[in-house]
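After this come two complexes, each holding chain A, first together with chain B and then together with chain C.
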Partner chain A sequence: MPRLTINGQEVEVPQGTLLIEACARVTEKPPHFCYHPGLRPDGNCRMCMVKIEGMRGVSISCTLPAAEGMVVSTEHPEVLAARRGVMEFLLIHHPLDCPVCDKAGECILQDHSYDHGRGASRYIEPKIVRPKRDLGPRIALWPERCIRCSRCTRFLDEVTGTSELAFFERGDRTDLDIFPGRPIDNPLSLNIVDICPVGALISKDFLFRARVWNLRKKASVCAACSRGCNVVLESYEGKLTRLVPRPNPHVNHHWMCDHGRLSHAYVHDPRRPRQIVKREDARSFNVALPEALEAIRAGLEAVRAAHGAAAVGGLVTAWLTNEELHLAGRLLRDVLGARRLVALAAPPGEAYVAKSGFRIAADRNPNRAGLEAVLGLVPDDEAVRALAADIETGAIRALLVLGGMPAPAYPEELVAVASRLELLVVQDLVPSALLDRAHIVLPAAAAPEKHGSFINDDGRVQRLEPLLVPPVPGGDLGILGALLRALGDRPPGGGGAVGVFADLAARNERFQGLTFQELGDLGRPRRGAEDRPRPPHAAGE
Partner chain B sequence: MSLAFSERARAEIDRLLARYPTRGAATLPVLRVAEREFGGIDDDVMVLVADTLDLSPAQVRGVFSFYTHLRRPGWGKYVLQVCATLSCALRGCEGLADHLEARLGIRAGQTTPDRRFTLLKVECLARCGESPVLQVNDDMYVNVTPAKADAILESLP
Partner chain C sequence: MSTPYEPYLLTADGTADFGALRRYEERGGWAAARRAVTEMTPAEVIGLVKAAGLRGRGGAGFPAGVKWGFVPPPDRVPGPRYLVVNADESEPGTFKDQALLETDPHLTLEGAVIAAYAIGAETIYIYIRGEMPAEARILQEAIHEAYGAGHLGAGLYDTATRMDVTVHRGAGAYICGEETALLTSLEGGRGYPRIKPPFPAFSGLFGQPTIINNVETLANVPAIVNRGVAWFRSMGTEQSPGGKIFSLSGHLKRPGNYEAPLGIGLLTLLHDPRYGAGPWQERPFKAVIPGGSSVPVLRADELDVRMDFESLQAAGTMLGSGGVIAMDESVDMVEVLYNLARFYHHESCGQCTPCREGTGWTARILRRFHENRGREEDLALLLDIADQMMGKTICPLADALAMPVKSHVTKFPDEFRRHMGGEIPRYVPPSSWAVG
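Coming up: the complex of A and B.
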């Protein structure tokens, strides 16, 4: 554990800590462009210089391990002069088109230019002009803005191992590009847009959609697969506009996949059910929640009176949070004594493991582990078919379908027998044949509208924070709480995510010792799950 | 498209690979082999070299384009490289380049219509003490005057 002095302050850091990270412990991290904590240091931009006593000149802090007895200054006059020099060179050919650049507002070249630049250029020669060009289905390049820091090429070399980008030519002709006919189309490609320190690499999906300083943000979790990558949800004018990864060494490090970023179109799909609908004699009405609840209560009562409690069935999905699943279990098992409670499975996607070890799960049920931990259920289409068989024989007469999913996956068998039900309540995110047959339609909340927690496929309990307002105020948790109340029960812990989670932790040993608040931004392992950060780089490298 | 190295070239590449710590480290010498084998490096050759070395085509193109000394598609039979770096510039390489441009009727960077000559201005060829320097394919000529250049060109088969 070397001890060193930085800006007059003593600090002790673990062996092998880079000087730039050691500096960050006592002061602001030295300004830098090419250094990124998720990539191997390269030391090419020369911006992160510090003065080390006893060493000639200035040294870059991103490649140098902190050593015992070092005396370091991040604000030495030589350092400040060197930074100004680096900034001047970087800006020589930069177009300074911030007003029309997507990156403006989150651009480190812009930030460092304010802090360390001259404010005016002494360069009078013509600037290099290179028009923008396409690099693949999701990414475009504004070559003039590139400062050749190589973060993108290192990401594609180290993390995906696909190396689609390289620098061609050299000197002032150096040009970042793909090989002709070999576009960037790997599952993690959009990360290079995030780590680009300037506006050179641009996401076509986000291009010109919002100025970043107008975005509202919430730290949450991606729901596109069971991995649970930590993300920041960002919205503009009430619309989910962008998802960016939020570093978590236990889950996704600094990255997330393109699928996760781009799989939220359903949230603002105009066909998405947003109204509570009651259908009677082939006519449908928009109704308020109390009227729907009363219809559900009456319908359940009629079925239970005529056929017994066992004539009720339930179907849930892994888009319900742990808290919602806890209320759903209480409703269906404890209050209604349902005959069958089954979970619908999302069709599997493609599994992917990057060179660095970053994973995309084939399992596209985001809270599969929660479903198992809270209700002991596994998403299983066979169980749904068995439920359909029970409906066919008349053993089940009322069915509550809760949670929904972004792509309808109800088995044919279930849809075929749906009209036999005396009461069919369907809550979903998208239209489906089953939804069309429902007596009561309840809009489901999408993941970016939820307050609650998911468990990822490592057993990590992670918080979702609502960025958007769900179609029904209070979301799924609110609907479930209201349903419990309508049936004479009451939701535990007041019915909010925090209280319901506390009740879950008190009753379910897998959640023992956890509180919703203590999950924090990075989550906590559920009881019995491993808690070990993974190294950011591939083993053996 | 189905480009492949000859038996002989492959044997040479295997010998080269044994001398380097990684396959990628042998990019330049293997590009040299490919240049001899195919008479120049075009996109198809770069893809073949990439496949041979377990690299991406972009990585090979990055190395190839960094250097000026590997033959590019469309270059003529004789590639005339006029050094345009400082020492040669002080000793009159501009005049040499202008003379060659006038004689061949092309600008630096271009190839004569008969594909006999390609004229290039390049960075330092490392013979500063005897500047100006002209390199014709792999042969180096020093202290080159316009008259000497004429003689060199006329002597070419």
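Coming up: the complex of A and C.
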């Protein structure tokens, strides 16, 4: 544990800590471009310079480990002059087209220019002009903005191991490009847009869609697979506009996959059910929630009176949060005493393990682990078929389908017998044949509209924060709470995510000792799951 | 230095087969390697070269024996060691390694074998400049001969030592002469210098302990083994012992390579009939670059200096590679600096900001001067840019332009002012590449 002095303040840091990180403990992190905590340091931009007593000139802080007895200054006059020099150099060929640059507002070059640059340029020579070009299906390059920091090439070398990008030519002619006919098309490609310190690498999906300072943001998790990468959800004018990864050493380090970013189109799909619908005699009406609840209550009562409590069935998906699952369990098992409660899973996608160990799970059900922890349910096609058989035989006459999923996956057998039901309540995110046959349609909330928690495939309980307003105010949790009330019960803990989670923690040993607040931004392992940061560079994790 | 200096590096007599193995052995060649391998321990060889005080001839002047001593013992860093011969000689004004390889390839090979033995390497790589195809062929032929005669290969001189040599031809980048860029290039990568530490002696080629030496440095080694420390130290100065090849070019009657003891007077090199023999066409010298294109220039009134590491440093310049470029009064110092700037702009690897941008900016400003569109404020700007480059980059290539800029601008400001008006006729650059 070396002890050193930074700006007159003593600090002790773990062995091997880079000087730039040591500086960050006592003062602002030295300004930097090429350094990125998720990549091997390269030391090429020369912006992170500090003065180390006893060493000639200035030294970069991003490649040097902090050493015992070092005396370091981040504000020495030589350091300030060197930073000004680097800033001036980086801007001589820069197009300074911030007004039309996607990165403006979150561009480190822009920020450092304010803090460390000169007001005016002394460069009067011709600027190098380079046309923009396509790098692949999702990414384009504005080469004039590139400061050749090599973050992108290092990402593609170290994290994905695909090395699509390289520098060509030399000196100030150095040009970033792909090889002919080899576009960037790997599952993690959009991360290079995030880590590009300037607006050189551009996501075609986000291009010109918003100025970043107008974005609303919420820390949440991605719901596109069971990994649960930590993300920041961003919206503009009420529309989900961008997802960017949020570092979590236990889950995704600094990254997320392209699929996770781009698989949220369903949220704003015009065909998405957004109204509560009641269907009667082949006619549908938009109704308010109380009317729907009353219809459900009455329908259930009729079925239970005629056929007994066991004539009720339930189907849930792993798009329900732990809190929603807890309420669904209470509703179907405790209040209704349902004959069958089954879980339906989305079909698996392709699994992927990057060179660095970053994983995309084949399991595309974001809260599968929650289903198991909260309700002890494992999605099972057999059980769903058995449910269909019970409907066929008339053993089940009322069915509640809760949670939904972004792509319908109801088995044929179930759809085929749906019309035999006396009461079919379907809550979903997308239209489907089952939804068409429902007596009551309840719009489901999408993950970016939810307040609650998921459990990822490592057993980590992680929070979702709502960025968008769900179609039904209060979301799925609100609907479930209202249903319980309609049936004469009361949702525990007041029905909000915090309270329901507390009730869950009190009753379910897998959540013992956890509180919703203490999940924090990085989540906590559920009881019995391991809590261990995954090393970023351990391949084959 | 009362006894006349006897050359031991460049001894070719002009006969066609001077560099052949048979002739080399007749002169006592390969005896030093045999002796080192069969009679000395590696530590003794290192001790000998340390005691001789041999300093690197590639530019930086780092003591060779000390560098060899940095190679960690196998119990600290296991695996192979490498000796790399830097034959990339591309510094404008320097052409000594080429002469050594062309006329006497076995000399450098023998030195390399001794050095490799000293550091425990069994593999030698010779990285030779791509534009030296003839020298590469000569070297390859010599290697072939040496294998045949048992100076290379397995069971060297009936010991357990093994020694292999591979020649690798560069692809035409000056930066690949910088030792760490050379290693990256040798590994098949783009010729980017690496950040030090780690130093190559710990982690070099393929991550293994590696020593890189200049051709001329290694060519000194056989004589040191044969003749000893006292002989070596009888030449040169206390801090710069031994002999050195000086490449003389420019406005001299007799440009060429000359071997002389370190510490020889620059004026002697320039004027003595045995060396440069005075200015060409008797026009007085205006300026001399004493150590290859990267070092600060000396004005005519600063030429009374001795050619050794410490004296030139005291004179504000450097011995560098020993390439002496003499320029007479017909020379326009602005064009000189513009030419240098174009070279370094062209050769910057582009990896780090101050060099990538500073070399280009400097070259573009000087292009304006070349077109007689200079401005008074450009002089301060040129110096500022040089300051923003100096000592702030990954490798010293940025300094190699910054130093000439500073010395040219401060020593010849009036020449730059003559390029602010329009009186100088337009000059057409000889090469096809253009700035910008």
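Everything below uses one rule, namely that the second predicted complex is superposed on the first by the 538 of 541 C-alpha atoms of A that agree within 3 Å, B and C clash if a C-alpha of one lies under 4 Å from a C-alpha of the other, contacts with A are read in each partner's own complex, and residues count from 1 in each chain.
Going forward, a contact is a pair of C-beta atoms (placed from the backbone, for glycine too) under 8 Å apart; a residue touches a chain by one contact, two chains touch by 3 or more.
Remember, predicted model here, so these are calculated numbers, not experimental data.
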Fit or clash - chain C, chain B, common chain A: clash
Contacts of A:Arg182 with chain B and chain C, given as first, second, both or neither: first
Contacts of A:Val58 with chain B and chain C, given as first, second, both or neither: second
Comparison of chain B and chain C by chain A residues contacted: C
Partner chain in contact with A:Gly85 - chain B first, chain C second, else both or neither: second
Partner chain(s) touched by A:Arg271 [first = chain B, second = chain C, both, neither]: neither
Partner chain(s) touched by A:Glu169 [first = chain B, second = chain C, both, neither]: both
Chain B versus chain C as contact partner of A:Arg283, first or second or both or neither: neither
Chain C clash site on chain B (candidates 19-27, 37-45 or 109-117): 19-27
Chain A residues contacted in one complex by chain B, in the other by chain C: 166-167, 169-170
Touch list for chain C against partner chain A, complex: 173, 175, 190, 195, 345-354, 356-361, 364-365, 367-368, 381, 387-389, 391-394, 436
Parts of chain B lying in touch with chain A, wherever the complex brings them together: 43, 46-47, 55-59, 61-62, 65-66
Sites on chain A touched by chain B in the complex: 162-170, 177-182
Touching residues on chain A, where the partner in the complex is chain C: 42-47, 49, 56-58, 63, 81-82, 85-86, 88-90, 92-93, 122-123, 125-126, 128, 147-148, 166-167, 169-174
